[in-house]
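Okay, handing you the structure first.
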Amino acid sequence: MIFITRRERFNAAHRLFRQDYTDEKNLEVFGKCSNPNWHGHNYILYVTVKGEVNQETGFLINLKELSKVINLHVIEKVDHKNINLEVDFMKGKLASTENLAISIWDELDLPLQRLNAMLHSVKIYESENNIVEYLGPKINFGS
Amino acid sequence: MIFITRRERFNAAHRLFRQDYTDEKNLEVFGKCSNPNWHGHNYILYVTVKGEVNQETGFLINLKELSKVINLHVIEKVDHKNINLEVDFMKGKLASTENLAISIWDELDLPLQRLNAMLHSVKIYESENNIVEYLGPKINFGS
Amino acid sequence: MIFITRRERFNAAHRLFRQDYTDEKNLEVFGKCSNPNWHGHNYILYVTVKGEVNQETGFLINLKELSKVINLHVIEKVDHKNINLEVDFMKGKLASTENLAISIWDELDLPLQRLNAMLHSVKIYESENNIVEYLGPKINFGS
Amino acid sequence: MIFITRRERFNAAHRLFRQDYTDEKNLEVFGKCSNPNWHGHNYILYVTVKGEVNQETGFLINLKELSKVINLHVIEKVDHKNINLEVDFMKGKLASTENLAISIWDELDLPLQRLNAMLHSVKIYESENNIVEYLGPKINFGS
Amino acid sequence: MIFITRRERFNAAHRLFRQDYTDEKNLEVFGKCSNPNWHGHNYILYVTVKGEVNQETGFLINLKELSKVINLHVIEKVDHKNINLEVDFMKGKLASTENLAISIWDELDLPLQRLNAMLHSVKIYESENNIVEYLGPKINFGS
Amino acid sequence: MIFITRRERFNAAHRLFRQDYTDEKNLEVFGKCSNPNWHGHNYILYVTVKGEVNQETGFLINLKELSKVINLHVIEKVDHKNINLEVDFMKGKLASTENLAISIWDELDLPLQRLNAMLHSVKIYESENNIVEYLGPKINFGS
């Protein structure tokens, strides 16, 4: 069992708010992240897969393939986009980094299984100080 | 003559476009940065001042003071804001990192002179790959 | 179950030594870290909490709150301090990064429980080459 | 139970290929990494050990000792070397980062046991985007 | 006058040696960098251009264009290559980072002039500790 | 003319204060940096030299030699030391990063001239946010 991580990056706008809150309530709960005119981030995404090393190639997974899957299913949908308005897999959800990590897991899980790679972790740096990691609906430490 | 640099950070939304361009022209010139629904960045700002070391304090400038000035005149105006819509010193300008660097210079020049510090450079990392530096209206290498 | 990490930083002086050792013995065991005149570090602290995402806010925990708790219970007590002489929660302990991580866990565990966040990890970078992580008195991988 | 990580670095040349593949097949499977004239990397190696804190020293393990063991058993054998041609513990293996991580684990496991440190993880950054981690032949989360 | 920097990366093998030196002399002068079986690096390249901001676009230069020029004239020729054997613009030169920086300047100078951008600096990180910068055949600080 | 930079690191304790100030005055001027029990930093030092490339070696200066000179004249004197009490070249000076940069310049200038390298810059990162650079008693941009 080995773990391989691919780093990808995307730049996006978002806003934290609830439509059923007043502006005051949104400001109270979400602070300046609730700014109605949006703000944005350089998100850094780390996707980790796990599995056995293929004896013929020495690879768990070809990193070019891993990168392609992440770009097709995630980066192209979020890069230079508005997460609240334009990202199909975030529709109807609060645009928090927690929800983003969970939704990216859901986007990647099946396509990676088709490459015989088991998704282990989706980790997002919203900034150098704020990091979210999701290990999937049932945590499985490789046993 | 010594140079002191303070790093500050802000997260903001922006969009590159001209109102007198069609959407197609904006897309052609500015690429995905012209997305009408905005995108954003974690901007990293390096402000460098220069001058003589004060013999009594061993400082060129108290870094707390430098940080306060940058926060008051720049960070509070751009952090978690939309650069196109909400930043007074960017009104009527294309929201490029070049224009941002020049405008931040103009915001900081006088307040720093009042602290007896001469502004030397405003440097902005829009991403880890894209960096803009402005050395002022007439470049003066300290002579 | 999701994991959220907040990065905070502090600068402190410390010294590794035992009073019941001779100077020679201290030098032999702790090397130049035993310097009687102290040395110091820019410590980087990563605190990870885990739990369920609150469906109303999309947050596991408000990162501002997490940061406040870490600052109140840890950073204010260690930043610009001498770890051996001035930090209450390190009194009577060797000022190793291992002990620092364990003591910071003990400082944060209860206050974080009061925020409904379960502490998962305390990780300290003493330098870019030396890193310590503590996962608590009984390791619990989220089950 | 505490975890200590030491970062070390090495620069090496390598090539991904199989002798029983044609050049075309190597190019197809391994891409530009199969270049017959080699290419290379600044590898960054993180070695994590785990165990109990020694009450007398406050250490899990003396980081100087840990660094010495890693340098003696790994760095001196790979730094400024050709991984395919010159590294004894990689002889006969595909020079993938996966195989490198597993082989470095095998090199370090016993020498670290002699220092009463249990190896927990070998993590290699081949680049800022590509990372491999190996947790050993049977994953053991510290119980 | 404004300065724009684009970061690009490449991985390559090289060797420092002179054919007219004995192996002993090569080892003495170039140390382990003279290893006949090569070693390699993750080179990080920063290319800085300078000029006036175009009032219509707010750009000094479109960073996509800048990146394309650097990739076409430099990265495609050195990435996953052997600098001594395969890079046309390094033929007959010692593969030192100094010579690499000067040669990359010579590769980029004309193509960038065609984009109305004046090359200001070529900076290469061979490792996090070793950095070379070249400001061109006659240093011109923008006056 | 080419520029070569070597990065070195040191960990040290210091305190900002004047003996002729009261404790209150020291606190007012130097803030928490005046803590009588010291604090410390992981200082990062960048030393840049400039000159012509030696046609025989392709080097401006052998980086091993540059590193040796910096270690002999600076690092060994400051690493794991108290800058106020133990560093000969800081005796009688305020232990500010400005004074440290100037004093390190004075330590390195002559030894580097003996290696035919002209010192260009001494740059110190006291933290990721606070940076000081000194270009010598008369700034000379290489003409």
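Labels A, B, C, D, E and F are assigned to the chains in the order they are written; within every chain, residues are numbered from 1.
Keep in mind that, in the parts below, a residue touches a chain if its C-beta (ideal position, glycine included) is under 8 Å from a C-beta of that chain, and two chains touch if they have at least 3 such contacts.
Just so it is clear, the structure is predicted and the values come from calculations on it, not from any experiment.
Each step here moves to a touching chain, and the least such steps from chain B to chain C number 2. More inter-chain C-beta contacts link the pair A-B than the other of A-C and A-B. The chain with its C-alpha centre at the largest distance from the centre of chain E is C.
Between E-F and the choices D-E, A-B or B-F, the pair with more than half the same contact pairs by residue number is B-F. Chain F has its Cα centroid 42 Å from the Cα centroid of chain A. Chain C and chain F have centres, each the mean of its CA atoms, that are 29 Å apart.
Multi-chain contact residues of chain E, defined as those touching 2 or more other chains: 128, 141.
Which chains touch which is summed up as A-B, A-C, A-D, B-E, B-F, C-D, C-F, D-E, E-F. Those residues of chain A that touch chain C in the shared complex are 16, 18, 29-31, 93-96, 98-99, 101-102, 128-135, 139, 141. Across the complex, chain F is touched by residues 1-8, 46, 48, 53, 56-60, 62-64, 67, 141-143 of chain B. Chain C makes touch with chain F in their complex at residues 9, 11-14, 32-33, 35, 37-42, 79-82, 85-86, 127-128.
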